[in-house]
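In what follows, subunit A forms one complex with subunit B and a second complex with subunit C.
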Partner chain A sequence: MDTRVAKKKLGLKERYAAMTRGLAWETSYQSMDEVFPYDKYEGIKIHDWDKWEDPFRLTMDAYWKYQGEKEKKLYAVIEAFAQNNGQLGVTDARYINALKLFIQGVTPLEYYAHRGFSHAGRAFRGAGASVACQMQSVDELRHYQTETHAISHYNKYFNGMHHSNHWFDRVWYLSVPKSFFEDACTGGPFEFLTSVSFSFEYVLTNLLFVPFMSGAAHNGDMSTVTFGFSAQSDESRHMTLGIECIKFMLEQDPANVPIVQRWIDKWFWRGYRLLTLVAMMQDYMLPKRVMSWKEAWEMYAEEGGGALFKDLARYGIREPAGWKDACEGKDHISHQAWATFYNYNGAAPFHTWVPRDDEQAWLAEKYPETYERHYKPRWDYWREQAAAGNRFYNMTLPMLCTTCQIPMLFTEPGDATKICYRESDWRGNRYHFCSDHCKGIFDHEPEKYVQSWLPVHQIYQGHCFKPGTDPTKEGFDPLLAVLDYYELNVGRDNFDFEGSEDQKNFAAWRGEALPAGGAK
Partner chain B sequence: MSVVATRAYDFPAQDVRENFPAPLLYIGWEDHLMFCAPFCLPLPPDTPFSALATAVLPGIFGYHPDFAKIDWKAVQWFKSGKAWNPDPAKSLAENGLKHKDAIRFRTPGLEGIKGSHA
Partner chain C sequence: MSNVFIAFQANEESRPLVEAILADNPNAQAAHSPGLVKIDAPNRLTIRRKTIEELTGKPYDLQQLHINLITLSGHIDEDDDQFSLSWKH
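Then we have the complex of A and B:
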């Protein structure tokens, strides 16, 4: 009788080695430097690529299995949500505006991240790093798809979601996230990892995903919660990879330390500026609040980030240059940002509103040092004016920061009554910035940022009108021409929430009466 | 410092004067943060400086209840953050204003809605 011989099965470690490191080889008839032209020019020195650690030891076959199961559950929930008219179960139609911001501003970033990681994966000659980047690239593409799929249900019922990709390349405030990722993708592969894997995902992603998804749960949006959970389990892996790649660079050669530090300084600040949008979402856009931006900042940035930078001190890394200013900003940026969208709501495809009395009381409680002193008076004034039929819409284009591209809305550290102006001259031209850190980023690489596509300047250069537009024609309205170029439905996608089609429809679907004379 | 790149990195600047119909001027009103940011305006260089107060600024800042109370003789001007004394009879260019200069004005005694600098 033949003895059955068990086929030798690879252990987890061996399997990981075979499915990742085993995929690489040394080139023979072309030099490695010609095949991999991008992983040395930034100055990062790698002596042993095998030291790259993937703590999850994730291989492609395991990836498909886990992600396939997750996707099945996700799409089951999304379908159930759609079949049960889940859009009627959210707290308030105002909440939907947070989703508009997400589909307009965050989802396209997932696609950029997919492209960036795909490129970084190709650029690294170390197989471990390359495989990790390729799998993250697939993650990011999935996120783009699942977010689009989950939010598309709302697009059937609410305005401001039908054209997010078109808007991403054109609408003024979307140039803020877009420029962040284009800056990252046009850096080298190591800078890209520092910007996205480390600064954005490791240091700041909790501030984005946790409040957004808890906000969705608190406001009855189970579809978004589900894609949030699905994405968040990948984010945890991305965060771990982010810290591992930073440690890998720092451990490989001491000459890498100052390069990485400069990137951390730059990308922490760029990421922090980008998250201004999340700050205002948390404090103003969620009808049921989860936690204030200030509380979230203290929990995730000050506590978590503080411990992280203590841990990195042994490599010679200090906290990012903008850290203290960012911590001070926790009392201000959400209020300043929401006021800006209130100003420019004529040109933004989502609705804004004055916070209601109970919401103002919440803001005063959460921001005892700043809300009533600096911000409440303008909201009260704007509400009075709106009630009198004189709702404030700012029609003149704002000055922008050349680096972060946000209107110059931030105030001086230590003085919330003064706008922070900084400027630099370079090759006979003048450039302006919202902070010392945006100025510092420009001053280090002026050649890069003199190419900034600043929406206000592009409008004035005549680049934001549809082909065939004649600005010399009698009665030409430049603002309407720009909104036409955006393909924004004027009167439906934009303007105040009070009186909007979203507000009226939602009340009608739920059989509710609209508040008389504006909400208090 | 400069960009680290694989080859020469030199591209034209997007926002040079020649790309605009008129030079850009940035204008901010101190202590009035109801206007969330300073404004950006293309203004012909031969515009008289006095036309700012009479023709340009009312259209952009006029919504604010303080605007009508401004005593233009008492207004303090700043250029690139430093105190500055423009001559209202001269043009923007004759006052030394160049493309993408930032100026601000302060209106003593007027500090926004209920003194909140808004």
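Then we have the complex of A and C:
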């Protein structure tokens, strides 16, 4: 009779090594450099790819098992939410506008991230890095799908969500997130990882997926909080990929340090600018608030990111060049951004509003240094004008920053009464920037950024009209022609929340009377 | 010295995890917000499989924590028995 021998199980670390490192091989009839043409041309020197470690040591079998389980839980919540008409249980129909921004500007980024990681995974000759990128690529595709699925339920009931993919390539403010990822994906694989895994995911995504999602829970949106947390649990693996990538580059060769520092400077700032949208979502778009943008910034950027940069100091890495200015901006950017969207709400497929009295009081309490001094008078004036039947819509087009593509809405460091404006000349043309840091990014790679597709320039050049549009025709309205090119439903997707179809429908579904006389 | 942190969805599956962390890391502080619980600890935080198993009376694979994990910071060191976050080298 055979003796049964208990098979000794491999420990986690051995299992991980066995299931990743064996996947790579040295090429024979082609040179490694020809098969992997991209991982050297950025100047990053790697001497030993085996030093790369994925700190989570998640193997494919474990990955499918746990991701499958997360997915089952997520879809159970989404289904229950839909069956229960959960959209009627949210605090206020104004909240839905945050979801519109999410499906318009965030969800398409997940798809870009999926493509970017797929490419980076192919580009790295080291198996550890390659496997980590491939898993992340699958994660990002999952996020794109689950967000689209969860928000599609809202699309049945509310305006401003029906054309998000079409809008992503055309609508002016969506060029901000789009250009961020196109910039990242057209860098080399190490720059891509520094931009997305490190600067964006490690230092900045906590600000989107943690306090904002907690805010979604607070506002009764269980569907969104569940996809948000489910996505962020993947992000936490991605963050460790980002930090591992940075450590790996810095430890492999001292010559990598200045290259990495420059990328950190660039991508921290680009990510920070992109998050302006999130600042505004948190302070103005959540009817019930969990924490202000400023508090979230202090918790996740200053404390969390600060710990990270303190740790990286041993390699000679300092905090990003724009760090101080970004920390000063915590008092301003949400107010400046929301005011801009309020201005341009004729051309944006979501609704805006003047914050109500209790909300203004909350803002004044959270922003004691700036709100009442700089921002409240503006809202009071606009509210007065709206009550008199003169809701302000800006009919001119703003100047955009060539790097971040955000309208010039930010103020000077140290002076919140003066718009910050910088310029550079390059080959006979003049380019405009919102800050020293956006100018610095351009000046280092002007050949790249002169190609920016700036929506305002494109509109003025006549590239944002549908084929067959005749701008010389009598009564031609350029704004309406641009909105037609966007395929935006004028009067339903845009303009003030007060009086919108969303507001009326939501009140009717819940059997509520509309507030008399507009927002008070 | 900096804090490390880890956050979980506020639900029944995370509850023993949070309890185990607070039991094993006397300096750790838990903060609750809608839907989530975030635990901060100075410099280092360790999650032990054994403590979770003692609390629940069931076997636990540490990689299960991915199911309810939201976010974290610090360098990770993980094996079959413990999962730690630290700023130590």
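Keep this in mind: the second predicted complex is superposed on the first by the 510 of 520 C-alpha atoms of A that agree within 3 Å, B and C clash if a C-alpha of one lies under 4 Å from a C-alpha of the other, contacts with A are read in each partner's own complex, and residues count from 1 in each chain.
Assume contacts are C-beta pairs under 8 Å (C-beta built on N, C-alpha and C of every residue); 3 or more make two chains touch, one makes a residue touch a chain.
Keep in mind the model is a prediction, meaning the values are calculated, not measured.
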Partner chain in contact with A:41 - subunit B first, subunit C second, else both or neither: first
Contacts of A:461 with subunit B and subunit C, given as first, second, both or neither: first
Partner with the higher number of touched subunit A residues, subunit C or subunit B: B
Partner chain(s) touched by A:403 [first = subunit B, second = subunit C, both, neither]: neither
Touching partner for A:233 - first (subunit B), second (subunit C), both, neither: second
Touch list for subunit C against partner subunit A, complex: 2-5, 7, 9, 33-36, 38, 63-64, 66-80, 87, 89
Residues on subunit B engaged by subunit A in the complex (per definition of touch): 1-6, 9-16, 19-21, 24, 26, 28, 30-31, 33-42, 59-60, 63, 80-81, 98-102, 104, 112-114, 116-118
Residues of subunit A defined as touching subunit C within the complex: 11-13, 55-58, 62, 66, 69-70, 73, 202, 206, 209-211, 213-218, 225, 229, 232-233, 235-237, 239-240, 243, 290-291, 303-304, 306-308, 310-311, 314
Touching residues (chain side subunit A, partner subunit B) in the complex: 37-38, 41-43, 188, 336, 339-340, 343-344, 373-378, 380-382, 392, 394-400, 407-409, 411, 416-419, 421, 423, 427, 429-432, 443-448, 450-454, 456-457, 460-462
